[in-house]
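First chain written, first letter: the chains are A, B, C and D, and each begins at residue 1.
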Amino acid sequence: MNTINVGLVGITGYAGMELARLLAGHPAMRLSMACSRAEAGKRLGEFYPFLEHMPGADVIISVFEPREAARHCDLVFLAVPAGTAMDMAGPLLDAGVKVVDLSADFRIHDAETYEHWYRHEHHRKDLLRWAVYGLPELYAADIAQTSLTANPGCYPTSVILGLYAALKNELIEPDDIVVDAKSGATGAGRKAAVPTLFCEVSDNFRAYGLPRHRHTPEIEQEISLLAGREVRLSFNTHLLPMNRGILSTIYTKLKYPVTLDSVHEAFRHTWERSPWVRVLPKGALPETRYVRGSMFCDIGVVVDPRTRRLTILAAIDNLCRGASGQALANANLMCGLPVNAGLEHLAPLA
Amino acid sequence: MNTINVGLVGITGYAGMELARLLAGHPAMRLSMACSRAEAGKRLGEFYPFLEHMPGADVIISVFEPREAARHCDLVFLAVPAGTAMDMAGPLLDAGVKVVDLSADFRIHDAETYEHWYRHEHHRKDLLRWAVYGLPELYAADIAQTSLTANPGCYPTSVILGLYAALKNELIEPDDIVVDAKSGATGAGRKAAVPTLFCEVSDNFRAYGLPRHRHTPEIEQEISLLAGREVRLSFNTHLLPMNRGILSTIYTKLKYPVTLDSVHEAFRHTWERSPWVRVLPKGALPETRYVRGSMFCDIGVVVDPRTRRLTILAAIDNLCRGASGQALANANLMCGLPVNAGLEHLAPLA
Amino acid sequence: MNTINVGLVGITGYAGMELARLLAGHPAMRLSMACSRAEAGKRLGEFYPFLEHMPGADVIISVFEPREAARHCDLVFLAVPAGTAMDMAGPLLDAGVKVVDLSADFRIHDAETYEHWYRHEHHRKDLLRWAVYGLPELYAADIAQTSLTANPGCYPTSVILGLYAALKNELIEPDDIVVDAKSGATGAGRKAAVPTLFCEVSDNFRAYGLPRHRHTPEIEQEISLLAGREVRLSFNTHLLPMNRGILSTIYTKLKYPVTLDSVHEAFRHTWERSPWVRVLPKGALPETRYVRGSMFCDIGVVVDPRTRRLTILAAIDNLCRGASGQALANANLMCGLPVNAGLEHLAPLA
Amino acid sequence: MNTINVGLVGITGYAGMELARLLAGHPAMRLSMACSRAEAGKRLGEFYPFLEHMPGADVIISVFEPREAARHCDLVFLAVPAGTAMDMAGPLLDAGVKVVDLSADFRIHDAETYEHWYRHEHHRKDLLRWAVYGLPELYAADIAQTSLTANPGCYPTSVILGLYAALKNELIEPDDIVVDAKSGATGAGRKAAVPTLFCEVSDNFRAYGLPRHRHTPEIEQEISLLAGREVRLSFNTHLLPMNRGILSTIYTKLKYPVTLDSVHEAFRHTWERSPWVRVLPKGALPETRYVRGSMFCDIGVVVDPRTRRLTILAAIDNLCRGASGQALANANLMCGLPVNAGLEHLAPLA
């Protein structure tokens, strides 16, 4: 494969760290620019000791500048906060650089909805129509054609993949869905803050963000498209005392009494050509460790005839499948590479 | 206070360990018998190094024998598996010894329901009518009169306390309740087993027991009594990578649109005379660390007008409030002591 | 006992949090003042939800002011950084208020040594001669007489107690001691900082502060006093992925070949009247969990005839014995109370 | 590259799990046999859900039988306990199958020493002369020629690599070395046992195996070879509350006063052609997370002029570099592949 030069804006967060890790093992992409205002001037290997003796270690961290980026990069990953990415994407696209945006800025098709939930103005509404929602199982063909991919949120990735087969096969009532999602602490970001100190998170469990987590509109947008009508659901998030992993337990009501056998068969059939979605055997339940550092989404299904509920459990790695790995898969598609280039290796699971 | 001699059958599990800890600081109870077939003959302080230099350390572990127990004890705690306790309770009661049973054997009033969920016969159905369900906030007066208390399960304690005010104040539909409960690993017991090894639980999160956790009928029994009609709910359990603590996130539907203010006021009012139930300020959510090693049940309420749902979050310590501390509170009541004797101290929270 | 009013300056750190916890269960002391510039104006129970429904919850956090303190308090605990405490202690002592200083400001008898290691000036050298080093096993009588106790550091507490019997019995070469100490993350404090975020500490182990940890001179001062001559030792610290606990593994050379039996007997004999120091049985090794939340220092001894070394392992809880519990014990002595008042309860160990 | 068929005996332990993980991503090796008496008959992907949809998932677990192994495999990894491997290796070698033994059975050149420390007889002393100690940095040429590699222990790998430059450059006294080593809990194996349950290891830290850990003779053998004379050292092990990683803090005495600059330069120079050994910048200390899932050994050096000590800190991943990754590197060498084939990817570090 030809070498593709990529840039990464926002290297100090966990998504940036994970992208640096994945790019170090990518067969065709080369990290040729890494940006961070706070760390500019350092060698990347000095800042991230794990990178030493690996590709990318010698990149000098720089301050983001669109023309510099255009000179060095075919594609740029934006791993910066919502509200910041929207201003960076335009100049890059104008300069002919492809963009994978890991923030929420281009995920919500409706700018008003975005502004309502994110509580700031969207000043690049003009780009919204070009952005493709970067969930490869749903939109691979579109992603391959676009220059601007809106990389999905971590929670939405697990919820949309979890619900997809149930909605496509019309097994459930779309209006009565409750999602109880739990995430490892990398999801809370890498800013210095007392609530995410080790001693505050360790040996502790709590909910947060109820009842208005910002990933709600993104999930509802995609679920509504799948259901063919507007859906509202209850989405609730919790913080786990561990680094990585999301498990979303999704409570739904069956439209009519069906057996576990037929639900399971529907899920298996729906996903049989998607190597990254693993529908577990009947009776098996997903564990976050089994998807660690990977693109897998493990799905378990439970039918409770007592309450006529279908419970769907979906596990992903919030940083790999839920952020940087998915960004890399999207970049692969946008650059004409196999979607799984650089994403074939298993991470330690214990 | 006069000294009350108590025995503890089943010291090797986490409930037994927690009771030994609490009894070491009790102002009126003295541990005078500790039973374990496997460890018989050892000093308790040798088996549990944390007990050395504390009351109870010099007790010699013995094999349970009802007549010996009657000679040494006014009250016996049974911290043994379901199915075993039922055979121990009878002879103790016959010999005039009070019993607090931490197993499920006397919790379910209906023997058939017990047998259906626990999959073994109940051979002391005659005792069921005498047993009191040992949740002090609901049944303190009855507990004070009985000789046989059925100590509640850990999950049910959190769910019943969590739902109580909502049902009493008729705020919610009793037929549409989903409980997503998460427990620390002490809840899985202290038996040598690969799935509960450190490296299998650490950095991992998973559901288990779906859709038929044995605590379901116990919860449904008490919720049905509160609702005034038979209720079925969806009860789902998960294993947290930490030692202690349960957080139950309880999803309910409001009967009619009410504000957070009025829901919160109803909860506050309902619990204002119960010092162990702390209704958190509006907007605050419970954390398991804040109830560690204590009898507190911290309750947070969330109203989502978008979906007309009331979400109740209830946190307890699964070993203290959910097992041994509650057993001690029940024993206090049964012995005419203040309910909180020996239970007034705060445990480390970080 | 009469009520003793105490104040606590610096409530937001882990030592302050631990003191608030312990004071809530103290039979004779009442927290009547809690100071923090950043949190002034809040109810303590609002700031620390674990305190709600407990003594102390209704105290309003205030800004420290010596005359106010003198009006409300018989004794004040200073849980503030080194360099800050020295300026607070004088006015309090002048106003007749007893002081237990948890910082390092009055621990080092020699002001020059202090200034060399702490890299700032000592402006209350005049108070150094009055300060007593607050290790109750060594200096209880002096502590009972003083108005200013310098509460020992966490690491020094474990190392001094660990080495005491070996030096007193002249078993080891004082000039060839290596201490490899490991601490839980509460020891790193409660300031917002990236290196102590959950995801940086979890699943990780590292040394820090080598070769110049500030606790070195404090250890050397006390060890030199015990050895009767100036001692330099190698003191090395590591950060454990857990909240609480210190284990110091102390490598020493035996002066002459002695058996484990005689070393163990010497340790047992030395400590037989000290209920908080538990010399473990031969062959047993201390574990941090067994001292959690307590004043115990568990000591194990290992003799290796192959290398003629005596290895001493000493475990304490860094926040309770290593800071706030010890401060409370010192306050008890200074106020004429039993040294263990409010410190008799066992914390959860699993 | 041609496909090399390999077998793995002992798949249920953590070393077997890690090898299965690494082989799934190896460009030239194919797992064609996986043995476990207890799990025989299952698909490997059923037993290890993380392997589903990856190479190796469809292998059926079988009972080890040497002739079957010879039919399917060019090389076999033995991940079985010490004492068991010695009987398996002979028949495999006789049948022309290469062997990498992850147990201790062929590490110690002197059979008497082995029998003294491992407390059982060595019944294949005849093979000892053929076995090569599989530390690639020291013995790559010999490993490439042998059919039987004795894969080093996890702790010895860290200690030998840590001390190598200090001994080669004659910086330290070989007779005064103390090793304080700490390991994650995967090092304790995957057998069901109470002391390695989650709730016993979590939030806890302790030493174990003192003063006679079985890795001592292996370390002394290699250090003696490096020092040119028989060396005894003090080797001490501790259990960390985390899954993976070893940090060995190695305390040595400098032969003569040297600066950190010159020590650091000696280390850098010694290792400059060894890509897996990373000598950190002066002042930097290794962290286990930075080597997770990799073959790196990160080394930090500290000179303390106060005590004239050189402290060396060496961090590895105990399962990858300390067991299965190193076994794979050795297998690569034995099969004529690049030593790092299948070992180039970085694992998640947070």
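Some observations on this one:
Quick note on the criterion: a residue touches a chain if its C-beta (ideal position, glycine included) is under 8 Å from a C-beta of that chain, and two chains touch if they have at least 3 such contacts.
Just so you know, these numbers come straight off a predicted model, no measurement behind them.
When the interfaces B-D and A-B are ranked by C-beta pairs in contact, the top one is A-B. The most distant chain from chain D, with centres taken as the mean of CA atoms, is B.
Chain A and chain D have Cα centroids separated by 35 Å. Put simply, the C-alpha centre of chain B and that of chain D have 45 angstrom between them.
Centroids of chain A and chain B (each the mean of its C-alpha atoms) stand 39 Å apart.
Across the assembly, chain B contributes 14, 184, 186, 199-200, 202-203, 241-244, 287, 289, 292, 350 as residues in contact with two or more other chains. Residues 14, 184-186, 190-194, 196-203, 241-243 of chain C are the ones that touch chain A when the two sit in their complex. The touching residues of chain C, counted against chain B in their complex, run 14, 17-18, 21-22, 24-25, 46, 49-54, 186, 203, 243-244, 275-276, 278, 280-281, 284, 287, 289-293, 296, 298, 317, 319-320, 344-350. Residue ranges on chain B touching chain A, taken from their complex, read 178, 180, 182, 184, 199-200, 202-208, 210-211, 232-234, 236, 238, 240-245, 247, 249, 251, 285-289, 292, 300, 302-304, 306-307, 309, 311, 313, 315, 350.
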